[in-house]
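Next, two complexes with chain A in common: one pairs it with chain B, the other with chain C.
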Partner chain A sequence: MAGQSDPHISIFSAPEVEFLAEDEVVEIVPNIRMESLNMICGDFGPFFPQIPSKVPLWLAAALKKRGKCTIRTPEWMTVERLTQVLEAERESPREFQPLPFHYVEISRLLFDHARDDIPDIYMVRSLIEDIRDVRFHKVETGLETISGRTHAVKLKNLSAMEVNIVRPFMVRALQAFYKHDSPQMIQQADTMGSKRSQGADRGPRRDLRPR
Partner chain B sequence: MPGYYDINDILMEEEPIAVVFQVGANGVGLLDPGAETNSVEKGAKVDLPFWLAHELYLRQAVSISIPACFGQKTRKEIQADAACVDLRIRCPYFYELGCKIVPLVSDKSIGPFVRYAFTSRYKEILSKSHSAPVATVPKFLPRLTKEETQLFEAARSSMAAFKKWRVGGSRLEKAPILGRKRKTTFPIRPSTP
Partner chain C sequence: MASSSSWEEGDAAAAAAAATDVELLKRAWRNEKAAPEILRFEAALVARAREQIQLLEETVEEFMENGVDDLVVSLYQMDLDRTLFLLRSYLRIRLQKIEKYMIHISKSNLWNRLSEQEQRFAKRCTEIMEKHLEQSVLSKLPYGYQSMLKQSISSEEDDMVPEPQLDTFVFCKTKGAVGAFQLDDIGDEIVDLVADDLYVLRYKSIKGLVESGQIDLV
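And now, the complex of A and B:
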């Protein structure tokens, strides 16, 4: 599945990524009694007042808009957890902390639709911003290590939106490096003394991992 | 990436290349502005667009000399400070031309040189592109070649799109046709006799 916004390069736009994130499951506490809802993507409910129930984010947002439920903040979106994550992100410059794949989008959707259900909303918002900044800085330092010998890039725990931001740049950069490092371009006589000679046998390409 | 329909690939092939004719050619005096007769002498130095030079090279009619943008002067500048060299003024299709010209000349150092230039200039683009302000055009942009500009724009536009979304850009909305109330119309059937 590729994004529809630009048919030429298969990238998603930010609203498209957000749309995908709306399928993530959140917990709601309804304040009404309602029969179970039978959707194409599954059955949700039945709902009873004050009994928590799990529904996709789009349904939670729709119910919330009509004042029929409160959305429970996911447990990773609390101030304590986010502070821990931010510290861990700052301490380990080589790896990303595990966060939900759609944490950027989920947090924005919750900020928009359920701001009264999130305790310490300003703190949570600024923590998430900080985490995202720290992580993006890591991505950039990782991108610096891309060279002609980069075959693939391993990005463990990187989230959907973060990948989506760097995708166009990274794909082009890798393509360019691949082209310039192809055997047709670099032939046996390597007369520029500053570089290692790379003949036909260039050894296995090692995959550098921008952390 | 090269392709038959790629406009950049077509424009790249217009780049003038200095060639030396290995044979005399009659009736093509317009190729050589200095020719007095309607023919090009053997050994004449002429600038031809890359596509023509390539075809003539394959027929062994000309030999291709190394374009100035891959010459010693540029190399020294690239080695001194790659990021500050104005490559666009030298050749806007520096990398693409480099890739195409490598198989045609005997100087095998062009390939590594092009790679070295890209690798060292890439870091500069990377460090500036994602954090570049959206409204203003950065000062170093006119120095970049076509390929580098595309790389830069890819990063800048995706970052700008993200920022726009974060501060409350548009959401995906349902198509207007889905918002209409359904009307139930009963088809009027002709009464059967």
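And now, the complex of A and C:
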């Protein structure tokens, strides 16, 4: 059974993040009649031709694959809205615009499964790419401000995939600063070798004692 | 009805509404994956998920016998597979943590966070590890260095036992407003945790909030 991410870094693999995104709800327009589905993850339907219905993305993709529905592009994925977002994204160098937490994955899944349902797909795709680039650039410049005094970083509206990408670097950077800045570490450097760090709040691990 | 985490309506409101077990399991899985230490085993939730899985397995079988539309059957099968994946993944990430920190867990009150089966697993695992280390290395070392727990006999505490690093940083999302929150034991760092925001914080300082479900790790 594949799909489990590396256990040593508590981080989600890209497929795992996508898995989470597949539960996001989208609207479909079925072209078949189908009884309601009472599933573990919720109840959906009943479905009637041409009557819009809300289902999770994975279900929408499965129906779409079999030609049983069209998927309605979410409102935020229109050229108009995305242009606004991109502009706002460029104008505010410190803030991220509100987008769905899984916007990268949702758009990606829709491009893969429902390309014929998305109006102006090329434009939409390039807008989303631009938005991603602008946002990521902000994340990168934000990293430069991390210092030993950083105890918390606020990243309002950062999306799941973006979190996942910066996580390893960010966590290690913060931890390195934290470690070197901690009074214990400084104290330990002073009294190196004579006394170990006290208290339950352990500092860095002691090296093997030379003999 | 599944509570959608739509970005327009308040996430907090959606979370407050009755979340499905899948939603809860997903949260448990995420938290477990992102937290450095092992969290409390979601016994009731896992039992409910198991029950629903079994029920659906029976239903799918019935459907197949009664010649229900292939499409419907395959959709239910997908739902089933997704839930199974989630459950397995949750149990597995816990086993990985147990394998890594078994001695630490068994010697602290973390032990109570394990399910009965996990406790059995941890015990067996420790026994096997002990035996292996004993036979392959420890028995061949000079006196004073034969402990699996201590570097040498002069160590005051068990300094060879791996422990989860609690002061690592984690990404977390607030659901409701938590309010002003003291970050450090020293108390000079205060962060105002507002609703639906994303922070990178030290796990140790928000541990309590994760356990009480006020904050989710992502």
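Keep in mind that, in the parts below, the second predicted complex is superposed on the first by the 180 of 211 C-alpha atoms of A that agree within 3 Å, B and C clash if a C-alpha of one lies under 4 Å from a C-alpha of the other, contacts with A are read in each partner's own complex, and residues count from 1 in each chain.
What we mean here is this: a residue touches a chain if its C-beta (ideal position, glycine included) is under 8 Å from a C-beta of that chain, and two chains touch if they have at least 3 such contacts.
Source: prediction; values computed, not measured.
After overlaying the two complexes on the shared chain, residue contacts for A:Gln175 are found with chain B and with chain C alike. Using the contact criterion defined above for the overlaid structures, shared-chain residue A:Met161 touches chain B, although it does not reach chain C. Touch criterion met: A:Glu144 reaches chain B, while chain C stays clear of it. Legend: residue contacts after superposition of the two complexes on their common chain; A:Arg81 is shown touching neither chain B nor chain C. In the superposition on chain A, contact of A:Phe19 is made with both chain B and chain C.
By the touch criterion stated above, A:Arg125 is placed in contact with neither chain B nor chain C.
Of the two partners chain B and chain C, it is C that touches the larger number of chain A residues. In the superposition on chain A, chain A positions 11, 16, 19, 167, 175 are in contact with chain B in one complex as well as with chain C in the other.
Residues of chain A that touch chain C in their complex: 1, 3-5, 7, 10-12, 16, 19-20, 22-25, 34-35, 37, 39-43, 54, 56, 58-59, 62-63, 66, 68, 76, 98-101, 151-158, 160, 163, 167, 170-171, 174-175, 178, 201-202, 206, 208-209. Residues of chain A touching chain B in their complex: 11, 13-16, 18-19, 108, 112, 136, 140, 143-144, 146-148, 161, 164-169, 172-173, 175-177, 179-181, 184-192, 194-195. Chain C makes touch with chain A in their complex at residues 1-2, 4-7, 20-23, 26, 30, 33-36, 49, 52-53, 56, 69, 71-72, 74-76, 78-80, 82-83, 85, 88-89, 92-93, 96, 100, 151-152, 159, 163, 167-171, 183-185, 189, 191, 197-202, 218. The residues of chain B lying in touch with chain A in their complex are 1, 79, 95, 98-99, 102-103, 108-109, 111-116, 118-119, 122-123, 126-127, 129-130, 147, 150-151, 154-155, 157-159, 161-162, 164-166, 168-172.
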